Amino acid sequence: MKKVEIITRPFKLDEVKESLTKLGIKGMTVTEVKGFGRQRGHKEVYRGAEYQVDFMPKVKIEVVIEETLLPEVLQAVQEAARTGKVGDGKIFVFPVDDVIRIRTGESGREAI
Amino acid sequence: MKKVEIITRPFKLDEVKESLTKLGIKGMTVTEVKGFGRQRGHKEVYRGAEYQVDFMPKVKIEVVIEETLLPEVLQAVQEAARTGKVGDGKIFVFPVDDVIRIRTGESGREAI
Amino acid sequence: MKKVEIITRPFKLDEVKESLTKLGIKGMTVTEVKGFGRQRGHKEVYRGAEYQVDFMPKVKIEVVIEETLLPEVLQAVQEAARTGKVGDGKIFVFPVDDVIRIRTGESGREAI
Amino acid sequence: MNGADTVFILVSAALVMFMTPGLALFYGGMTRSKNVLGTIMQSFICLGIITLVWILWGYSLSFGKDIGGLIGGLNFIGLKGVGMEPSPDYASTIPHLAFMIFQGMFAIITPALITGAFAERMKFSAFLLFTILWTTIVYSPLCHWVWGGGWMGAMGALDFAGGAVVHMSSGSAALAAALVIGPRRGFGKRSFVPHNLPMTLTGAAILWFGWFGFNAGSALAINGLAANAFVTTHIAAAAAAVSWIFIEWMHHGKPTTLGLASGAVAGLVAITPAAGFVGPLSALVIGFAGGIICFYGIHLKSKFGYDDSLDVVGIHGLGGVWGALATGLFASKMINPDGANGLFFGNPSQLWIQFVSVVATCVFSFVASFVLLKIVDSIIGLRVNDEDEEQGLDLSEHSERAYQL
Amino acid sequence: MNGADTVFILVSAALVMFMTPGLALFYGGMTRSKNVLGTIMQSFICLGIITLVWILWGYSLSFGKDIGGLIGGLNFIGLKGVGMEPSPDYASTIPHLAFMIFQGMFAIITPALITGAFAERMKFSAFLLFTILWTTIVYSPLCHWVWGGGWMGAMGALDFAGGAVVHMSSGSAALAAALVIGPRRGFGKRSFVPHNLPMTLTGAAILWFGWFGFNAGSALAINGLAANAFVTTHIAAAAAAVSWIFIEWMHHGKPTTLGLASGAVAGLVAITPAAGFVGPLSALVIGFAGGIICFYGIHLKSKFGYDDSLDVVGIHGLGGVWGALATGLFASKMINPDGANGLFFGNPSQLWIQFVSVVATCVFSFVASFVLLKIVDSIIGLRVNDEDEEQGLDLSEHSERAYQL
Amino acid sequence: MNGADTVFILVSAALVMFMTPGLALFYGGMTRSKNVLGTIMQSFICLGIITLVWILWGYSLSFGKDIGGLIGGLNFIGLKGVGMEPSPDYASTIPHLAFMIFQGMFAIITPALITGAFAERMKFSAFLLFTILWTTIVYSPLCHWVWGGGWMGAMGALDFAGGAVVHMSSGSAALAAALVIGPRRGFGKRSFVPHNLPMTLTGAAILWFGWFGFNAGSALAINGLAANAFVTTHIAAAAAAVSWIFIEWMHHGKPTTLGLASGAVAGLVAITPAAGFVGPLSALVIGFAGGIICFYGIHLKSKFGYDDSLDVVGIHGLGGVWGALATGLFASKMINPDGANGLFFGNPSQLWIQFVSVVATCVFSFVASFVLLKIVDSIIGLRVNDEDEEQGLDLSEHSERAYQL
């Protein structure tokens, strides 16, 4: 099992979710995060004081999947999230040791 | 060392925290997240426009522990978080390479 | 590749960011979290009812790096984030299987 | 018709109107964020539904031709005969319509006050039904007793701006409601902390501002008495705000902003029946004591175990009782020759009269509210189900979320 | 000069002034959080820029010496001759300055109302230019036609407090704006949900509160008529709030707080032209129907596919039309001898007059606004670019973020 | 006693009362979210504590029998002799109590204005002590000098509604406070950005609304002058809001909503001393210049390195100075025969008088405040410790959190 962590633009959330759902993925977890990267930030001005803000609002989508699904998922997410402009974000893949569904106590694949 | 990541209902946070504390765990980190899963979401209506919202508020509790504690932790968390209804959430277990306590510079087990 | 996850005091965010930037790191992702640890919390009082709050506001900084950079990063982050008082936080290191840059589709090292 | 009096009452009516959304914010800020809209709704809808009740039958039951000192007749039903000319019976220098709408604003805010007791768990439909019934069966008679020519006014009970009619009545109903509906899920176990204190403070500010219309406007004409009521209102609010935060400073080590707001409201409640009968220094004492009494008053709920979520009993109930009795202590004919002297001005019998009015008001409102709630419960059920309560009223009762920041 | 009348108008002017920031909150709460400041800005700046337009030339164009029933002359330019003495022509019991500023508050809020139609996408610079032009070329003439001695008033059209001048004019301009500027990115695909409903409800409360000044103040003197207008205003708001939530309860299974607020505003709009011509029970009907009409009105945009973001057409446009026609139905000389009887009081011709005024107002405002928008678009462009829209107006147009909680 | 005058002053007093919570929101929105309650508290508690100070001794020191032109006597202590009858000396057409409470609202808001200078770091206890002392030792004498029969009024200095008494005094005290208490931790290094601009804008709206009571009410009777003051107030606010955003548009590329709000307040400050002495077009100039002067004024702090957190010096200090001098330029007996002509109306000596009043006020308030702050510092310490400052005043001083969304 793998955890795929997608960091991308907030307004792409729905499209990424759709594309994952189409692959039969039934669960994911989303966090609002702030990203620092190549994408330049913006200026803010308050009473004449200028502030450069480097952090951009991003969403992090975490989804744990069976390893076999990985290529498809990576493919689908990239298609859904890509705009081609700087700031599209990253996909990270992490190893997972185990998964448990709290409700039933199932673990491993069945729990995903 | 392992990282246990618990995604569950917000109002279960205190109980999970208690159950972990009882096992002697001294630290954890909590994030508010939105979860998409088998649990159905809800409808919202604004000026006659209906929106289906699939994301449910959840908390993510991250706790890094020694591997030996793992079975107990999994057991305790399930007991604390389970309601038996869809939406109870998941427990993910991840491998951890290293831990450092910033204050002291200790690393590995002692740093947990 | 490794993921370094730094949990520390919110007002240290800028310093940690600077120290990472100095090492040539071009991206990171930040989440506001609540931490439970050795650091004691605070009391809140509402209409005579006292509540003990154990969770402290923290930030989580996630940064995926090449393994070779690891020692430097750990060093730099500790220097930037340390105050020496309880509550400075932790650094966790996790294995990473893969990284993809959504914009270009690059993967592995080049994608970081 | 007197122009200045009419401006005064219309502006006062507008101010009192503004108090109801002020209350919505005051209460809304104290709930958890999943219930803020449900809570605001319960106050705000009173501006809608009670307005209709009031013009259709409530005003008539309150101020119609007296029937046995108990209730008004149906002669003003649908505002029949309530026009631009002054009424001969009430506020004879302003259009009857102005008097009617000023009184209507009181009828609106009173049931809204009760909502604090059952916040975060009551069905909206049950709330609506209860509120309509309550205004008809509890508020209108009480209002008639005191201001409409009924027995309580005839007995000589002093209630300048609604200590009995508004505050004791809602406080007693709140107690009944807290008992009948039962505590919130997790009461005593989980923590219920205010989700937005700046909202609560904004609400308190609007209440304070509007209360000038409430109390000074109750002079029903612009004159020295109105100025006096304005001043006593302000002083009592100030004194209670100060006494509340000092006493909590003593008890908990810190003064709080919620304490400040709560104290101010407690002082405003306490001075309400007295505002036009007592002088500024008496107001200082009434307010100061009001803050302390209500501070301890809100702890009753933990003693007795009922869940009066936003402390309506402790603040409006106890504050109202204290105000009514204080009027019996501090009232002075030097301030208001049409009033009476209180105990401290040589007339102990006034205190007794006030005491009778307190008991009558509280018992009547408590019992009637209790019965009404039981009836509504048996018809449509008072309470949302557990899952809906957990999810919060905003989503479960109104399909909305308050914030999407 | 009459003191009571003057207090009344100054206080009313203050109340109407307060409505514009109230509107800013009402609208601001409904946008997404990245556009709240931009939205508030567009209302709030009208207090700045339109005040200047008004005193420099707007007041003169509206109330200066009549030129052919179409526009006022330049005799009051820069407030020349507008002083502390009453004007012989308007509101002869109060200082001319008081009349001027009361009217100015109407001129301020009217273009602010339009902003709801193009919320979340219009350039601030283009907005400023459009608003200055609009006040000069649409508002001032219209105001003159109705209240400044122009043809519409002369024809006998009844508009007590601005059904045509304020609501139909802004509603029609809103439709033009929605069409010219086009829908927001993602309209019909992404969800646009209000980011802060307590803010919207606070705004609605301030609007309701301020509307007492708007409508009752339009009596321009304190008298029975003012009291009547006060009462009808309150009743219509209440009735529409109730009818809106009941109808949405039927359609969507739940009553909403946004529905409550929307209904209240719809009722206030509907009663505006009628407030001083109809009695309380007529107001009840006007308000009740107003809530229902506007509820369905806001669905037009999904039918016709224009993006009137915050429903200015549905609420101010349709509500204004209904109010104007309703005045032709329910007006009664028993309420206002200087007015006229409507259809239901035996005078069908009044309905025709009202109908003519509706058509004239809507066509004039729509066409003129359309042309002005096209002109402004060709000069500086109406719309921010895609990236700025995605980022939100707060950052892209004002370099600010609303919340850093 | 005149009814219309009395309504006017009571309503104005209510409006001025509402300004203090308005200020709390205006300031509160500009702080970081961990300090919003502490900031609101410091304004709001003035409604409590200064009310008590005012009725117990402040009013007497301000308006009691004159002692050498410097201070009022103790004859009104505890409001002795302040009753429902008009005072022969002040505002002789309204109840003395009404005059007293109207003035009291000014005494309340003035120390609240100062709190912007030391926001986010002052101990609540020290603040309380300082504020009580300041009202007694700075405000009351100053108020006496100008309005209570003291030397400044006798000299002929014009201050219609408190340019010296309220704004210069608080602005100078703010400078003293910023210097004595020192900058916030991280000043100049970390970014201090407003946590809730809609809150700040709401506060600004309430301030603007309330300022009508502040300035027009200062006519102390309802008449042409009150209407004039109302109008000049509105115009100056509008002009300054516009000039501020245009100048920042020039400098920073964008107009901001915080600029709009700041400009409006700057204009209101600038017109305060002049409102009843100048005409509408002069108000336009005063406001317009006021916006520009204060825009540059707030940059002084970065030049000189003091941390006047919310720009009290830049806005109230400088704005007040400009307003006082502008009164010496634009005052005209054609507007107010009881006033004087300014330089532009042929009387250069008035400008000199105004200049003297500016210097006297600023020096007195600065020096006295400085000394008081040093005394308070030595008794209980002005500042919270570093850890508490880092944690925020809400938790460390009040055991509360503002938001739990």
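A, B, C, D, E and F label the chains in the order they appear, each numbered from 1.
The working rule: contacts are C-beta pairs under 8 Å (C-beta built on N, C-alpha and C of every residue); 3 or more make two chains touch, one makes a residue touch a chain.
In this text, all values refer to a predicted model and were calculated from it rather than measured experimentally.
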Other chains in touch with both subunit A and subunit B: C, E
Result of counting contacting C-beta pairs for B-D and C-D, higher pair: C-D
Subunit C and subunit E, separation of their C-alpha mean positions in angstrom: 51
Rounded Å distance, subunit D centre to subunit E centre (Cα mean): 34
Numbers and ranges of subunit C residues touching at least 2 other chains: 31, 44-46, 94-95
Overlap residues in subunit E, where contacts from two or more other chains coincide: 2-4, 7, 11, 193-194, 196, 202, 252, 254, 256, 258, 399-401, 403, 405
Touching pairs among all chains present in the structure: A-B, A-C, A-E, A-F, B-C, B-D, B-E, C-D, C-F, D-E, D-F, E-F
Partner subunit C, residues of subunit A touching it in the complex: 2, 6-8, 31-38, 54-55, 58, 60, 74, 77-78, 81-95
Of all residues in subunit B, those that touch subunit E in their complex: 44-51
Residue ranges of subunit D touching subunit C (in the complex, touch as defined): 191, 193-194, 248, 251-252, 254, 256, 258-259, 262, 295, 298-299, 302, 311
Contacting residues of subunit A [partner subunit B, same complex]: 3, 17, 26-31, 64, 94-103, 105, 111
Sites on subunit E touched by subunit F in the complex: 1-4, 6-7, 10-11, 13-14, 17-18, 21-22, 24-25, 28, 36-37, 40-41, 44-45, 47-49, 51-52, 55, 78-79, 82-85, 94-95, 97-98, 100-101, 104, 124, 196, 199, 202, 397-405
